[in-house]
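Think of it as A, B, C, D and E in the order they're written, each chain with its own count starting at 1.
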Amino acid sequence: AGQEISWIYCGDKIDPIHEKYIKEWEGKNPGWKVTPEVVGWEQCQDKATTLAAAGTPVGMAYVGSRTLKEFAQNDLIVPVPMTDDEKKSYYPNIVDTVTFNGTQWGVPVAFSTKALYWNKDLFKQAGLDPESPPKTWAEEIADAKAIKEKTGIAGYGLPAKTFDNTMHQFMHWVYTNNGKVIDGDKIVMDSPEVLAALQAYKDITPYSVEGATAYEQNEIRAIFLDGKVGMIQAGSGAAARLKDTKINWGVAPLPLGPSAKGKGTLLITDSLAVFKGTGVEDKAIEFAKFITSPGPQGEYELQGGAGLTPLRPSPKVDEFVKADPSWQPFIDGIAFGGPEPLFTDYKGFQNSMIEMVQSVVTGKAEPADALKKAAGEIDAFK
Amino acid sequence: MGQLFLNRVQKFFGDFEVLKGVQLEVKNGEFVVFVGPSGCGKSTLLRMIAGLDATSAGDIVIDGVRVNDLPPVKRGIAMVFQSYALYPHMSVFENIAFPLRVENMEEEKLKAKVEHAARILHLDQRLQQKPGMLSGGQRQRVAIGRAIVREPKIFLFDEPLSNLDAALRADMRIELAKLHRQLKATMIYVTHDQVEAMTMADRIVVLNAGEIAQTGAPLELYHKPANIFVASFIGNPKMNFLPVTCIGASTAGVEIDYKGQKATIPVAPRQGGAGKELTLGVRPEHIQIGSGDITLTVAPTVIERLGAQTVAYASLDGEGENFCATLPGSAGVRPDQALLAGINVADCHLFDEKGIAFERQVELTDIDMNLLNPTAAA
Amino acid sequence: MGQLFLNRVQKFFGDFEVLKGVQLEVKNGEFVVFVGPSGCGKSTLLRMIAGLDATSAGDIVIDGVRVNDLPPVKRGIAMVFQSYALYPHMSVFENIAFPLRVENMEEEKLKAKVEHAARILHLDQRLQQKPGMLSGGQRQRVAIGRAIVREPKIFLFDEPLSNLDAALRADMRIELAKLHRQLKATMIYVTHDQVEAMTMADRIVVLNAGEIAQTGAPLELYHKPANIFVASFIGNPKMNFLPVTCIGASTAGVEIDYKGQKATIPVAPRQGGAGKELTLGVRPEHIQIGSGDITLTVAPTVIERLGAQTVAYASLDGEGENFCATLPGSAGVRPDQALLAGINVADCHLFDEKGIAFERQVELTDIDMNLLNPTAAA
Amino acid sequence: MKQPHLLINRYKWYEIIGIYAGILVFLTFVLAPFVEGFLVSLKPLSQLFSSPYRFIPENGSFEAYRTMWVSVPGFARYIFNSFFISTVVTSVVLVLVIPAAYAFARFEFKGAGVLLGAFLAVNMFSGAVLLIPLFRLMRSFGLLNTYFAIMVPGIAFLIPSAIWLLRTYMMRIPRELDEAAFVDGASHFYTLRRVILPIAMPGITVVAITTFIGSYAQQFIYALTFNSKTEFAPLPVGLFAYFGRQEVVWNELMAASFVGIAPAMIVIFFLQRYLVSGLTAGAVKQ
Amino acid sequence: MSVQRNAVIFAWILLFPAVLYVTVIVAYPLVDTFILSFTDASLKKTTNWVGWVNYGKIFNSTFAEVIFRTFVWTFFSVSIKMIIGVFGATMLNSAVPGRALFRVLTMPPWVVPMAIGIFMWGWMYNGQFGMISGMLQRLGLASGPVAFLAEGSTAFWATIITDVWIGVPLVTLYMLAAMQAIPQDLYEAAWTDGAGRFYRFRRITLPLIVPSMITMSMLSLIATFNSFDIIWILTRGGPSGETTTMIIDTYRTAIGSNKYGEGAARAVLICIFLSIFCLCYFRVTSRLASGDKR
């Protein structure tokens, strides 16, 4: 009897590489069929959740790893434990993004990190050395100031719209200053490291794109592509786009804060979650592991342009980086990077963080107060 | 069958009592005309009979069945609305055909019927037009057409000819009379046209402020109005009224005094009336120039020459009331030229202080006016 | 000032020519009544004068200014619509006050005016009601009220009294006449009521199928209709027509032969008419029983007793035409009892084969009917 | 142009200018975002965002109008689905709503007000909250992943406002017309069909357009959640196919939007003729 | 009375299909939502009855602010929609050549899937690349980019304008239909009495479309109160929560955080608010509609 694994697949269409490997897997598992349903990015996760909540879960869904904790706690998904070998095959810290209660709840399928892009032309116009990007926050702020004052063009692109990404961007700063939001079950956000990050936000705002709260990262990136901002932090996708422009650009690891221990970044992964109660859980796990195994995954993530960072080190990756050194900073950050903090009510947590950032950026609150307030709020979302 | 009985029918709009207990029996096949001042409740009564307005109290009985709760169609009536109520989206043909379509009449028969009605109503040229393209009179005729193609037990007409010219109106009158004879249907007809009322009615019902003032055959109302209201309402121009004093009564009638002139009015006498203030009524058409049992010298202020008749208006000194006389078309009267108006007692009406008429000793041999002795009225 | 001149005014609705070149001059302060069969174009003409319908051809001139392209308000007219056109959302008061509100009249003066108009129209009790709660006649009075509170140069009334009872209608007639005198405004008035037309008009315009059939003072139309159409349209019941043969003409008039009876009709003679088929017209009210210059033996089939008058209808043998006589209310006629109807030649009208009248030798001393010698007409 | 019969409809030159100016202002507001959208559809993706703002795009082309069909091959199907779904939904809604609106407009009965309010209450809950219970309902009816999954809830949520709109419109039709029909022996139903329906045409047209658009373009969330099959997906869902992995293909998305709304615009164009004035001309003396 | 009873029965027959349909499809979800509002339903498989707790939770410090903002937002949006809609309908109601085309050209904002329309506004509001900011700079009215969504105050109005834009076609269309139903002879009568176009509009058109305006504004009020996509796509309720309305709040709770119980409580609350509001509105306006007191 044929069985079916339904898969909510985010995006506009199924990646040809996935299509190829689905066929391959189906070939190896006669009687089994994988039926991906393509759902737009905005809605795919909600749809998976709704279906699960309504009692007809899909076999497998592409979700942000941050939601795994919530799914797990509510008994919607099954654990997908990794063997030590498997764990080891990934870059450091990646497995953490899917780990909760000591086991893994999803299979990472996509990974992204950020680096600093800078516009060499603007640096030159501002009298800065176009070949030396800022290494620390202090330099970054100073460079931004110089650009703003000398050229009248914004020095830094700070996205602070009410969007997920606003928190992500801030988390990059937290992780480049060795900060932490939650440690185990304890909120540790109200720390000097995080405060410094927030203070830096406040300091760089005057030299940032006017109206930070109106932009999210893609919009900021568009401004950068248009040459109207000196520096942004963005994923690998920006590089591919920059190649189509006339802009002289460089990409470097994210600048570090005073308490940094090394290059850091926020590690965001998306995972394949396997839902409980479908009767095909085991097969789904099997398929999930297959489709994210080094072969298919490597082929998938290194197509370029998609803005993905490789999940696993491999000779192929090294080759790739050699061919295009702009990949290096994205991989460098992984070492001291941190995961998205896992909260039961992740959205609640995120809203508080955004609120905090916005209140500082718009000057409505002092960093210390904002931080204290947010730290208090997010306790409820653990 | 189309026998109708209204039993103490009342109608309130909010607190406003429009009909105050109307009691009326209409025989099958009778032609009853409702007349009354504007706003007295004629349309309302018609609408209640039709079943469009709910009855606040009382019963409406058709052919022995209390129909208060029946919808219009079950009452077997057809109605011409005062406001026409044409279907604006349908051609004249379809408007007239509507009731037949409802009955699912076969196309050919329907067409014949509609075309017949249209011919009667002089609408044959307009059958394909929409109501919006018609003149007022044409619309009204369409509304009539819609009622007459059906053959109901009871027709209700609400001022159906008011927008037609005299010639057409005379035509229509004849057509409706013909229809009445043919179908032997009961017809209830509201009109403001006295000629229509007098010529068409078997019986006229005079309504006044929601009450029946009098019911009777046309000539009965004309010759023997029951009260001042009916006396003044029936007849055009309206009856002249003179204040008189009662000085006595005898079998010959009631003796009165008008400004020193004494006369005996041949009405059924009542006892103990002496000294009372009464009202003498005389119709303009009964005024003759020169002599009479009672005479008045009046100087007409306005002379209306209608061709066939001349109407002279004067105001009686002292009283604001107009005094009016209908004279032959060729009458030699001139404005402000005083003349002697003579009144014969046989033509007079007499009303008591409450406006109730003394019964005239007019020799109406019978209530059936067809047998009326033509010499009875002056 | 309110002088109006219509110069070959035409109106087409699509291909249908409703008005076929109407030529008319109305003097300032004149009271002109339009009559004509239903659908002949009266309302259309009024709407064109008002400036509501476009003129297809010709000029409308008010006080010497061609107003074809001016909006109504610049023409200084007020109009009562045949369809009332009341504002359903406004109380009676506001409906009547509307034109004054437009003028921004101050509240107190406005109130006084509206209340005055309402009193005249017997609407004082209804001022706070909405049109939907009014009877047909009440609505019509509101429409009149709206026109009369303004004081325009020209009033246009489209059958303003058609839904009123005789008494109220007489009242209103007097009020409108009063208004006419007071304001000295020009009034153009459409009616189907012959009495209204005859009494109110300085001049009557008879329209027939979009053309003016005749214009003239009321009595002129009555006594000297220009053609068969006017002769039959004016006067109620309508004129009787008899087919006669011309046998000659002299200064005394035209000699005719009706079924062997020869008579000389006192009309302006025309040459060479001998042997032609003419039409003799005589009004029902000019028929007398017993004798006459020409006599007919007829047996009335229908007798209508209107009280003041009796109308007898007979059909002349051979001809389908009805023959009608208006007799006194007390006339001793009975259905199917043959009688001798006499016609005096002095009362007769004569029409040629095209329907054009021979001018009657009636001594209308002047076109001004006020000076009319009362003995002129039979 | 032929001069209108009615002089009241003739305008002075300054009135004409005023009216056209008014229309211009109004349409500017209404269409401005589409200008922006249209410009986007003409630009190559790489230079979608460039400042300073230029009204006329540099080397714009209609390329996106071609590639949109290629990058989302099912797009024609989505349009068809939307069209089909909307047509069915509109028909059903009209069939249900016309009698109901008539009942509310013409009959006085106990509970009319409450019922009318209850219909409104349906619209007071946002779709998002009702999603899960509705989903369960659809599942128990076995309607998931069919055209019905999209139509059935769509109809339910379009009914209330349709009833309200039509009821208000019908209340303006002179009551005498119904009465005349009843007197002529027509049943209520016959009256509704032959008298009220034609006269209420402008109101019905508005409701039809509203419903059609509502289900053609606006009802997205049910279509998304209750249906997983691409072959049944309507236009709004289909348009999301242009949202790529990282980047939205804006130019094609816009081109597709323009192409997608064209059929609905054509429908409106034909329906708007029924918004004719003077439908009650000559009906009653006012 | 039985004429009445017959009519009532018939009325119910007419209503039955619609009522049945809506009941079958919507009643269950509505009741379910209502029940849910007293539970702690979430992604968890088990739900517990918690009584009024969910309602208690709503009334926190920001709640009053959100409610107030929602009402203000709705008020402005509906009023502007009505004003522009009536204005547009008036223009499109004039007998000028090309009006059929103009009527159709009014419709696109409504025909285009809502999200797309909102994206287009998003671009217009964009400070760097947007049309409005660009035009302002061109015309020298602004010295630099104006990011409309950056400030609470401008974002508030920006979302309102977008909502207005999406709602205007329907209002216009409906008002147009209402205007077309006014008998021509009323205008003619007013015209002969000297009333100019504007006066006729004010004294005849306007009062006669009031019933339609009441209906439309109420439907619009409900839709606007629940208007979600616009704010969500443009600002997500930000910045700093300054465009957060009740429905955004509800969505965040119910869908964002998967707290179905709490979300349901908020939804029920919205319904209660709206019901009360509609009732009052209807009371007030129907009195207003029945009198033309100038």
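To be clear about the criterion, contacts are C-beta pairs under 8 Å (C-beta built on N, C-alpha and C of every residue); 3 or more make two chains touch, one makes a residue touch a chain.
Per UniProt, the chains are D = ABC transporter, permease; E = Putative permease component of ABC transporter.
None of these values were measured; they are calculated from a predicted model.
With contact taken as defined at the outset, subunit A and subunit D (ABC transporter, permease) are each touched by E. Taking the CA centroid of subunit C as reference, the farthest chain centroid is that of A. In this assembly, the C-alpha centroid of subunit C lies 59 Å from the C-alpha centroid of subunit E.
Centroid to centroid, with C-alpha atoms defining each point, subunit B and subunit D (ABC transporter, permease) lie 57 Å apart.
Centre to centre, using the average C-alpha position, subunit A and subunit E are separated by 37 Å. Counting partner chains per residue, subunit E shows two or more touched chains at residues 4, 128-129, 145, 183, 185-186, 188, 191, 255, 260. Under the contact definition stated at the top, the residues of subunit B that touch 2 or more other chains are 51, 71, 82-83, 133-134. The residues of subunit D (ABC transporter, permease) that reach two or more other chains are 4, 6, 8, 49-51, 131-132, 136, 240, 278-281, 285-286, listed in rising order. Of all the residues in subunit E, the ones that touch subunit D (ABC transporter, permease) in their complex are 4, 7-8, 10-15, 17-19, 21-22, 25-26, 28-30, 32-33, 36, 84, 87-88, 90-92, 94-97, 100, 102-117, 119-121, 123-124, 128-131, 133-135, 137-138, 145, 165, 168-170, 173-174, 176-181, 183-188, 191, 197, 211-212, 214-216, 218-219, 222-223, 225-226, 228, 247, 250-251, 254-255, 260, 263-264, 267, 270-271, 274-275, 278-279. Partner subunit B is touched in their complex by these residues of subunit D (ABC transporter, permease): 174, 176-177, 179-187, 190, 194-195, 198-199, 278-285.
For subunit E in complex with subunit C, the residues that touch the partner chain are 183, 185-186, 188-195, 199, 203-204, 207-208, 210, 291-292, 294. The touching residues of subunit B, counted against subunit D (ABC transporter, permease) in their complex, run 47, 50-52, 71-73, 77-79, 81-90, 98-99, 101-103, 130-134, 139, 146, 150. For subunit E in complex with subunit A, the touching residues are 42-45, 125-129, 144-151, 155, 235-241, 252, 255-260.
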